[in-house]
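Below are two complexes that have chain A in common, paired first with chain B and then with chain C.
The block that comes next holds the complex of A and B.
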């Protein structure tokens, strides 16, 4: 049958989405008498709040309540965060603002218009303070300090030494060093944040609808902030979310803020974020400075690396940060068999907006310097970049491969994927064309990136931010638990309940494919309930959609729950047919003895027995068909005493080859071809996989070429609308060729690994490599982004003389 | 953001200087300025209504005349706060005689904006600043011409 695992069946979600029947949070009216909130935000990046005067606002038509930091202080506690010296982060500014756009007051009114008008009437007196936005400046001793209680802007700092780096650096023929800057950018889902909060005072119960998609570790963070037992914060999410790409996990402060607003106002409160608010103050990736030293032999063998990476987490370090620094900790050396690694990781706070999950999370910040460095080393050694990469790749017989920092790469064949990429892009032919073009004053370039794509993150990886001694103080964190329920009702219909909270990835479709395969029923007969409700769903801390965890983890939980139902049906069949369980299978709606097909019984009868006639069930069996399963992978262990950690359970591979032409007069880059080869293990639905890859690639293209949350020295955001914050649209997306290689994961029951974030991680590196390559005659170094025409033009102008060498 | 410029105005230095220090003239010449009220010597409050890109709005402003060296020089300081954000502008105005009955005015200015207007109006800001300044001197020139022809 073609609706099973591995086939490109149509997405079941699309019919409702394309006919306007999707259910998004802004469409919902889950409570009666819903009022609307508008938020007053700070115009200053750093200032003390002297006085807030809301008297006039409170007298205005339709205004029910105005909340300020005092209310937040009264009803909430600071959000917990996993660093040793936590700061006080609340859902609204208390006494001081630390970034432009930080909430200062909330108005609750009969409608949004009245609420916005009342916001205008609130007078706030500020005492402006010096701001700091630059990573390196924020680390200086005389820098303005954001949080007086810790007396420094450094929120987290650790040092790691794996292997024997000092020896490697002594023995190497040379050390090559460079510093790279990665910009702050975001994701721009079509749908922004939306929250509808209700508070029942007799039960001290918060019930909140929102488009939050996890990680549900943040449920514990929110209930701790609200200072209620976690079952008194019921989070509900509709089945449709208009994209997130990680950013919507950053809405958790607003869930708390609106919960308190509903509590104080005594009415349910709805808030829908607008686009300006989204760019100004929702969430984003970190900007990062990375210093790399590479110990290299003349033949191209890389013996070791030393890296210092400093992430800018904005005005407040908040959960799950400093995870951006550690999400790729296990795969810091990417696809390379380098044995020695020293690392210093630092999270610094500045007067920019706070950060959090974003597609690729930490990967783009890692691979931009790492993959640029590979090209840089090749150039220094006068080697071809492809040759250098190939020479250092982990060989295909080395899997499972343990990295110096503790990652366990489950499977792969990196050489083969790289070869496919180079062949598809016609690498050698392009090199010839390039030489000809240079002579004619045309600047063609080819770049490559070979990256490891981690998926299914280990809950324990973030705790590597703490020292082994600090970790010992509390319960070890490990695993990647996810739950799912498969049930069959009395008339025989199959329902699946998932807690993966999709935001457009097609989980309903794939869940139906998996269950249909296990139970041998048609996929379109399987109903998947994707709504999240923390009061009734099977969920655990790791639930939600992030770290590409659906394919390795979420799908496995569904598979396991379906297996339980299948086993139960076959146990009933065993009892009724008198055939041993092991000999039974499900075929064409019947349980059949494999060796004697005359022995069979319809599923309808087995299901009927479970519901209508439990007396005929095997002795001790419970009635009904309703099975939940929780799934984790034991490879996701807590960090060891030596600070090694396997941060993800599966590791895919992406090989990109990109060709460009650069106009030296304007600095404009044209991408000619983008070839990307993926190995994500067994593909569950190739059409969906390709859609995910294209989306991730467009996001990576944005990071490479267009997107930046740019700030001036005073901490004012300069790109707060789509006029200045440029996102790639369909016309900017280049010609893309996707190829797949399927090396199954030995760890997951279906052999699948996650995908969809790979090109977000690789695109900035590979495009920068191609542009650098094109401009070889100018000898420029690209070490910052985005690759806007003015940036490239300036780099070209800095090189005064152009010499096109004869050997080109 | 910063800039500079010059403009030739009718009248001698003293006349021009007095006009440009006159709150009534300031109110007439500053774009969107209403209800200019003296709060102390050389310090006024006013309502400013200015639109930059999509961010139109009202600002509660204070306008200060500082470093006054009659009839050669003064600094015009504008601080406006409103829902669209905060505007801080400072202009140095320097007068030189140009013949008996004309004055050459040189100016330099810096302007800083904060809040929403900064995050979405950046692209237009330089143009808007120029527009406001040019408008100011154009109106001031007209006002001087009107007064001269009246006298």
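The block that comes next holds the complex of A and C.
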């Protein structure tokens, strides 16, 4: 019973979720007289709004109010953004629209059906403008400009120079270069966004329920936009969120929009996003163009890299963007001991939907070019890719390892994990099989990816988007704080309040495990309250579920709060037993002196003393058993003057080896086996950990092969339904073998690191590597995604002649 | 016999849901999924796409799995409906739920009710399916949390009769 951490106990969440008793935002009616909103959205990617006529809509049955940009201008300010360019982004278009699907008007009516009827009756006169959707075109001087007050589509641009890249490039035997395109795709949780907003005019108070799950830095952004003190925006989140994978953790413009709707209409307003709205206009990852130069010696040693990466943040830059460019700043060179790095980062705005977090945030955009480049270099040097990767990996005795851009990798043994992956996938045997297959016209391939998985974001990393001089103008940003409260009530029941805002990751279960271990009570007796309420929860600006921060940070805050309660109980026991505190422990519901078990007292009595008989508490001790703890890690420092930053507190490792067969006649890819080896430190609940890995892998598979928010040149979305935007289903998920290696983090009390995003980052790279490898006889280069049959088939067709070398 | 219904005119429907009889007046345009959630208050049936792809809204109508978002409430007139709330009284449903928990076949739980309903129908029709058949049945559902592995295992276990 004392060893609950690290075991696969069953999830406490399951029973309610399988009985129809979950509480998702759309299930709630937290206010009386809730009305419903529907949103009129722009059919144009880029247009001036000349006139909006809502007269007829206002007369329709059940309609209470219609809002337009004018109302937004009256009641809100632009959302603060993390770049120096003054971009005016509001929750609804105020004078022009900049992407298809941008809100133009909101109808509030008695029910959603009536609201949608009225939306159809609103007449909008637009003046269409030329649109731009392509990253490189948007950067041209003659491109259509989205924001006239800025005069350019570039929202953010920085240059970084770490080590001595110029020297490395001079000294290297050769320079190998390539350009890669990463597509825009999303996360499409099966539950869409939902918001229920109420406004109390006598108090100028907004109360908003939604399925937003942090970071609560964005509470600051939203309350600033609503132009109220932050305690006059109370955000509440129900305990169940129907998945997110990041897209519900970017700033929710709809919280502000529905707040204003409730204010103007004078009734509480509920809005539930539909799937078309979700694909059109919620949030997505960024598409990115990356140019890489690698300085390489003939023996395979990589001396330095130069990278230019340009992210497409869509029509507006929305907090926390442009963080996609910087989330992996500290681990830009992945798992490799490369010392020299030059980097240029650019965020451009185009007439696509605004972007934000999705699982892997920035990682897949980084590792697709980096890991493809490793294979490309190996090919140029006529080396085996595994040999090249191994040669450049950070050695196991180098930890803690500081990267050129300031990352501090806390622990790891990358060689060992890679070897496990290669052995599990039978790498060498497969190479033999492959040679035989090629001779028979069968195209088998094997690819690998070795990546560092950052977890527990440092709130300071986003500020490397600013220059050191700009950063000096304001308070330095650092840390990764999380809070938790553990309490024991007068009858001895244990309650834990968390602010980690889970969306399916089983935080209630793991929190119960941790507290049950510390207090030596049964896990199923511990009640965990996962609802978020900014008015009453213990929370920090960093609270929420993103950057895989529960295992390193959230769990540590819970652990620390439970330790405080435990210490208090033992201090009371010390006072009552006359035994020193450090000799006492908790066993079988009693505080016991370890050396003399006859000295003991029941927890019931200790708890009773704290609540019913505080005069018998030790001198100066406060009554009650209700302890909050806030936890951060000092390694999460603000960016330094030289632009180095440790962007995450813990860094795991993932080694993937994937085998595929490609049909050259159709371009179809079949994944034969997917082997993934993870080192995320100590696992808190192995079953939940594997569940996170499998989900992240399926999302990575989607990004690699199926999912794309495709636009035409006019900025019209081409994949606006689940018939066009393809998500992996059960028949697409291949055989997956997961292996673990547990190198504890020296920084966290439980030795845990985050996981669950690693394969979303690695899968596009590793699958592309395997497909490229399979098609070696065609000598093709994969530098874009997704790996749809038509894309691969075209690449094959571009090669006139198939040469199968005898030595294969 | 086809009767013309005026705009906004309501029709009376009668349906038995999870063993309980309901008589309600609804607009003909009201989706059955909205009817279940808003008029009957059974919020266990979830709406994920409203175009019949994600499968989250699946319920049983006279024993057959149907997508409640692709139906109007009036089409349920005179039928027997089973939703996730009713699985407590369904032997296969109870076994599936135990197996889902054991195999970590759900995370956020939003898609789960629909998957459970399809699985109940599937196992009733096909008590000894192959793994590939289970996957094909599941391909009518989107789950973005689990990668489906645990779900396939859970359905497979229920067929093997290993569950309690």
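By our rule, the second predicted complex is superposed on the first by the 804 of 808 C-alpha atoms of A that agree within 3 Å, B and C clash if a C-alpha of one lies under 4 Å from a C-alpha of the other, contacts with A are read in each partner's own complex, and residues count from 1 in each chain.
Heads up, the rule we're going with is that a contact is a pair of C-beta atoms (placed from the backbone, for glycine too) under 8 Å apart; a residue touches a chain by one contact, two chains touch by 3 or more.
Predicted, not measured: the structure shown is a model, and the values here were computed from it.
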Could you look at A:723 and tell me whether it touches chain B, chain C, both or neither (first, second, both, neither)?
both
Which partner does A:533 reach: the first (chain B), the second (chain C), both, or neither?
neither
Examine A:280 and indicate which partner it touches, taking first as chain B and second as chain C; both and neither are also allowed.
first
Hey, is it chain B or chain C that touches more of chain A?
C
Between chain B and chain C, whom does A:100 touch in the aligned arrangement: first, second, both, or neither?
first
Touched partner set for A:43, first chain B, second chain C, both or neither
first
First (chain B), second (chain C), both or neither touched by A:489
neither
Touching chain B and also chain C: which chain A residues?
721, 723
Can you list the chain A residues touching chain C in their complex?
10-11, 13-15, 17-22, 24, 26-27, 61, 112-113, 187-192, 240-243, 245, 274-275, 503-506, 687-688, 690-691, 694-699, 721-723, 727, 729-731, 733, 736
Which positions of chain B touch chain A when the two form their complex?
53-54, 83, 85-86, 112-116, 118-120, 122-123
In the complex of these two chains, what residues of chain A are touching chain B?
41-44, 100-101, 119-120, 276, 279-280, 712, 714, 716-721, 723-724
Going by the contact rule set out above, which residues of chain C touch chain A in the complex?
8, 27, 29-30, 34, 37, 42-51, 53-54, 56, 83-85, 87-88, 97, 100-102, 104, 106-113, 116, 134-136, 138-152
